[in-house]
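Next come two complexes built around chain A: one with chain B, the other with chain C.
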Partner chain A sequence: MLKALKLEPEKCTGCLQCEMACSYENTGAFNPAKSRIKVFTFHEEGRFAPYTCTQCDEAWCMHACPVEAIVVDMATGAKNVLEDVCVGCKVCTIACPFGTVNYEADSGKVIKCDLCGGDPWCAKACPTGAITYVDASETGMERMRSWAQQSPDAAPPRTNPPREKPLNVYLSGQGGM
Partner chain B sequence: MKHVIVGAGPAGVVAAEHLRKYDPQSDVVLLSGEPEPPYSRMAIPYLLIDQIGEEGTYLRKGQDHFQSNGIEVRTDAWVEKVDPGARQLELRGGERMDYDRLLLATGARPLIPPIPGMDRDGVHTCWTLEDARRIVSRAEPGAHVVLIGAGFIGCIILESLALRKTRLTVVEQQNRMVPRMMDDTAGGLIKRWCESKGVTVHTSTKVEAVDAGNGEHPLSVKLDHGDPVPADLVIVAVGVQSNTEFLDGTGVKLDQGVLVDRHLRSSVDGIYAAGDVAQGLDFSTGEFSVHAVQPTAADHGRIAASNMAGRTQQFRGSVNMNVLDTLGLISSSFGLWMGVDGGDSVELHEPDRFRYLKLQFQDDVLVGASALGLTEHVGVIRGLIQSRVRLGGWKEKLKDDPTRIMEAYLARTQAIGHNASVLS
Partner chain C sequence: MAWTGNVLRVNLTDGKVSKEPLNMEWARQYLGQRGLASKYLVEEIDPKVDALSPENKLIMTTGPLTGTMASTGGRYSVVTKSPLTGAIACSNSGGFIGAEIKNAGWDMIIFEGKSPTPVYLYLENETAELRSAEHLWGKSVWEADKLIHNELQDPQVRISCVGRAAEHGALYAAVVNDLHRAAGRSGVGTVMASKNLKAVAVRGTKGVGNIKDPIRFLQETEKRKQVLQQNPVTGQGMATYGTQVLMNVINELGALPTRNMREVQFEGAHKISGEAMHEPRPTDGKPNLTTNAACFGCTIACGRISTVDKGHFTVKNKPEYWHASGGLEYEAAWALGTDTGVDDLDCLTYVNFLCNEDGVDPISFGSTVAAAMELYGMGVITKEHTGGVELKFGSAEALSWAAEVTMKGEGFGKDLGLGSKRLCEKYGHPELSMTVKGQEFPAYDPRGIQGMGLAYATSNRGACHLRGYTVSSEVLGIPEKTDPHSTEGKPELTKAFQDATAVVDSAGICVFTTFAWTLDDIAPQIDAACEGDWSTEYLLEVGERIWNLERDFNLRAGLTAKDDTLPTRLLKEAANVGPAKGSVNRLDEMLPKYYALRGWTPTGELTPETRQRLGL
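Let's turn to the complex of A and B:
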């Protein structure tokens, strides 16, 4: 069973430990600017949202690459950038509709999440369980909605998911604090 | 079932691989008009600066990739004629080849402007690996190089030529650089940036002729105003035209390229088209146009293959988009970057920092954008445009601070954790 990062913004406190861990693991220095995962801040709502590549099946980045520098890691399902093949053309950065492939001027290459080869440091560093590494099926939309509907303060079932706010469902007993 | 694909660029290669997947029992033949293995023209600028070797430009790196996937690649195979009645191709040299389904992925070739002297030794286009080899042999450090055309392709080559330490002069007929991708403000910033890096840029200037030079430099480029520019090498990048001549008499409808419907079918039964030669559905306008960009080629190749294999799939249209690096200043444009009637926009303009971001809205939906100096999360602009996310109150927030595109996307799509279905 493939595993995937599960991101639960409602549990995020904005501590940025994930960005520290990610940058340290990938560059050897604590530098959130080089993190593959980013925490977005919604000051007015008092919310935070960790966000990174979900290794989507469509793999827009991979199909758009002109030199086969993005490949699937068969063990983890991650779409990995081969640094020695990437020419830095940046086509993947505009092709990814989720904005999770970024160009890094220092190296002249693109960077994205590679799940740390199957042991993602962001999840290990997260103190509140907002980032967990779980069976991929558990991150599915349907699963999340069914949980949401079971919880006492969830919105009533509806055909389309509500679109007013970041996902903010209460997932009882799903890890974390 | 025999699928024949004419053209071994990204659209052709992506289509071949998907055909193999969708229709495992079929024969898949990929015809390339050039002698090399399938390669990417997009990678040529990096070859010119020796960042990669020729193998680095190859679309697929494994030497036996195509063979082991059951795809027959024929190089130097130029199609002279198509006979749709007999479902046959005629190749240069007279060989005839049967097909059941034909994919035209023949791309485009550089336009040669009607200027005297284009046939002189030392005047080149920059399109093929063979062109790149010739340019490398002439563009020595210190060589005087004149680049005619500052469109997307011209600007990509511009960077390579400057990094090769040539003395570079760029001549563009229009009033700004990359006129089909950037507005006056952003195009002006790119020009100022290039000039600050030592490149001479003449906009609103026409080349009248390439004449013989004096003893020191073999060529002399005559402009419609100002002094002639001495040159050792002239590179022509004024635009491209679709490769469609071999379709004369087939009944395949042509306009800017091969007109295709929402299934990437041409007007003739059994013939499909994809990539730079195809005039396909534009997501933003609802009209049919030639995009000639890599992501569109990949989309076309995938969907054409699906339909050729009998798995009917309707194309939702591609968002036209591009990204360009001119000597470290990175620009990108998406969709209706020039705006729409009745729409509105927000602009962030920091000329001292060479930063620019313009977002175009229709109602509360993002329909286009152009950016300079933005590299973080830039793809989310595509996501916002293509998923037609209603921004609601986030439109006003973006008007206050257009850089908050990622926050707007997260807030308005609940994308977190299951974003893979946003475009489906």
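Let's turn to the complex of A and C:
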């Protein structure tokens, strides 16, 4: 079973234990600046959001790399950077749509999440269960469940303006249905 | 070895910065943070120095566990001589800057002298630079924080800053870090501003790597995180209600000082409690509490992030206060609310925002307003002084006005900035100041919790709950229950809590862990991280040494046993209601025994034997 990191921002308290665990596993020091997972604090909204590589199937970083320094770990699905092959050209950091591959000036190489070879330290360190390592095909399960549970009356107020046409009209217009 | 081994010395007078090795012999004797920085201060300044003169020094200091995965390992302290008390000051704060200083490769930063013009320190790993702060002077902490982040073009910089209250010389100004955490007590912010030092901005990317036994450290810290998780207070209560879980508990106990400590129970407590912060408001349907939040490395996450109702009179037409920010902790809710008789939760939250925005200690500020309200009720302070404002107990309008003028240092705000002791002296009623050594009381009435009377009277930084929190034992039964109405065993209890707390502070972790941890939980974490042997017994000796070092400084600064006392109100006027009805604090039953236990003379001085035993 392929597993993936599941991130639930509503459970995050912004403590950065994940960043310390990640940096320790990768560098031997507690050093949030070198973490491959990042917690973003939106102070004025009172929200915290952990964020890291999703391990895309057709990974843009991997395809963009001119020296084939990014390879798939078949056991975990992680896209790993081969440090001795990487030339630090940063093309992958541009290719990644999410910004989760980053250049590290000290080493002259890029760093990204490698799922710790299948035992991610961030998930182990998270005290609130905001980061878990679960079946990759079920990362949206809880969200689906909570939406399914809601009665129409209890649905949260929408902030988006109403669409002019229902979505399915658009889809049928493509001849897809 | 967990310490970085580096001290940054910043001479503000001549604008020079230098690097020096940490004195490891002292680290062995005083551990770090509070203890170690106090040792540096004691060695480097004359205790009789004017706190606001260039001869005073100010030290920002981390502990060996700061910046590590030990739960709550993000604490730092600001150590200096206090302008409020004339005693040694050590104000502890969480947030993120402590870990950032450590990550930049420094154990402490010593500021000395006084800059001729306003400056701020920009510290990025090995690079330390004093930059002009002319454009930041006169700005609030929140404004300056934004300007510095923009100027440095680095959102990841962590900032400690003083606000306008400190610039105006309010004697209980705080050093605010990360917008809403504060080294709050004793006027450490006032000292920082007196040196023309507006802010310290830090970015560290070196990390904390030199742990003595990394594998054991990870095991020991993980084991203790489980202890915190499984404890009902640290695992659930604190995350859900924060320290505000105490408001109703202490009120029922009849130990909630009310209206300048005239009473011991507040009829409006339930309206400003931790529970009330969860209640949806009738006006906008949202609760006051937006979320809980953690400081660096903290697995308890007791921090309150709150939002004020946009239609509330305090913030109507002021969209700059409509966002979420640091909300009410128990001490702030008590001082701003109970002690002034104000039961308007949103008003208290707004005033708390102002205390963060402009950097004042909400305990000292609230208590000073309470004293002024009592004087107003007596007709001593009048509308002439306040410019027409009715400064009555219970008035939310008066409280928010008082906060606004204090932050700006305008009119009567100047008087409020003096603190309760000097304000009451100025208006001819020193007996109405609820202070010890010039510092205002926190939220536990020593008529209902006897041990706290002794803890307050003997605290090295004036009235304070964080120097010996006997409430743990007397109210919560941690580590074991003692009778809050009895003085029996309280000298022993107070001494034990004072020494243990000195260790917790000096390690760089949070005192709230001690709701679940004892020193037996803390010692193995320190021992795995730091060179040398750190047993519980040795740490207790370290704690006792730190306590005596601070005491010795205070005595040499001119304080005496006469200062180890409580306001007459608490010693003579009995509690009027509740379980402690009829009680005063019986300090005289405890103090002589405490002196003897400490190895001090009957006049509270260190004996030669005590000095020798502790290596002082």
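The rule is short, and it goes like this: the second predicted complex is superposed on the first by the 139 of 177 C-alpha atoms of A that agree within 3 Å, B and C clash if a C-alpha of one lies under 4 Å from a C-alpha of the other, contacts with A are read in each partner's own complex, and residues count from 1 in each chain.
Convention: a contact is a pair of C-beta atoms (placed from the backbone, for glycine too) under 8 Å apart; a residue touches a chain by one contact, two chains touch by 3 or more.
Not measured: the values here are computed from a predicted model.
J.: What does the overlay on chain A give for chain B and chain C, a clash or a fit?
T.: After superposition on chain A, which the two structures share, chain B sits beside chain C with no clash.
J.: Mind working out whether A:9 is in touch with chain B, chain C, both or neither, as first, second, both or neither?
T.: A:9 sits against chain B, while chain C stays out of touch.
J.: So, A:22: does it touch chain B (first), chain C (second), both, or neither?
T.: After superposing on A, A:22 lies clear of both chain B and chain C.
J.: Mind working out whether A:111 is in touch with chain B, chain C, both or neither, as first, second, both or neither?
T.: neither
J.: Thinking of the overlay built on chain A, is A:123 touched by chain B (first), by chain C (second), by both, or by neither?
T.: neither
J.: Where does A:64 make contact in the superposed view: on chain B (first), on chain C (second), on both, or on neither?
T.: A:64 contacts chain B only, not chain C.
J.: Which touches a greater number of chain A residues, chain B or chain C?
T.: Partner with more touched residues of chain A: B.
J.: Between chain B and chain C, what is the shortest CA distance in the superposition, whole Å?
T.: 7
J.: For chain A, which residues are in contact with chain B within the complex?
T.: 6-9, 38, 40-42, 49, 51, 54, 56-58, 60, 63-64, 66-68, 85, 87-105, 139-141, 144, 161-167
J.: In their shared complex, at which residues does chain C touch chain A?
T.: 67-69, 71, 96, 99, 103, 156, 179, 204-209, 214, 218, 225, 229, 239, 290-299, 301, 305, 307, 323-325
J.: Looking at the complex, which residues from chain A come into contact with chain C?
T.: Within the complex, chain A touches chain C at residues 13-17, 20-21, 23-24, 27-34, 43-48, 125, 127-128.
J.: If we count contacts the way the header does, which residues on chain B are in touch with chain A in the complex?
T.: Where chain B meets chain A, its residues are 10, 14, 40, 42-43, 46, 51-52, 56-61, 294-295, 298, 302, 321-323, 325, 328, 330, 332, 334, 375-383, 386-387, 390, 392, 405-407, 409-424.
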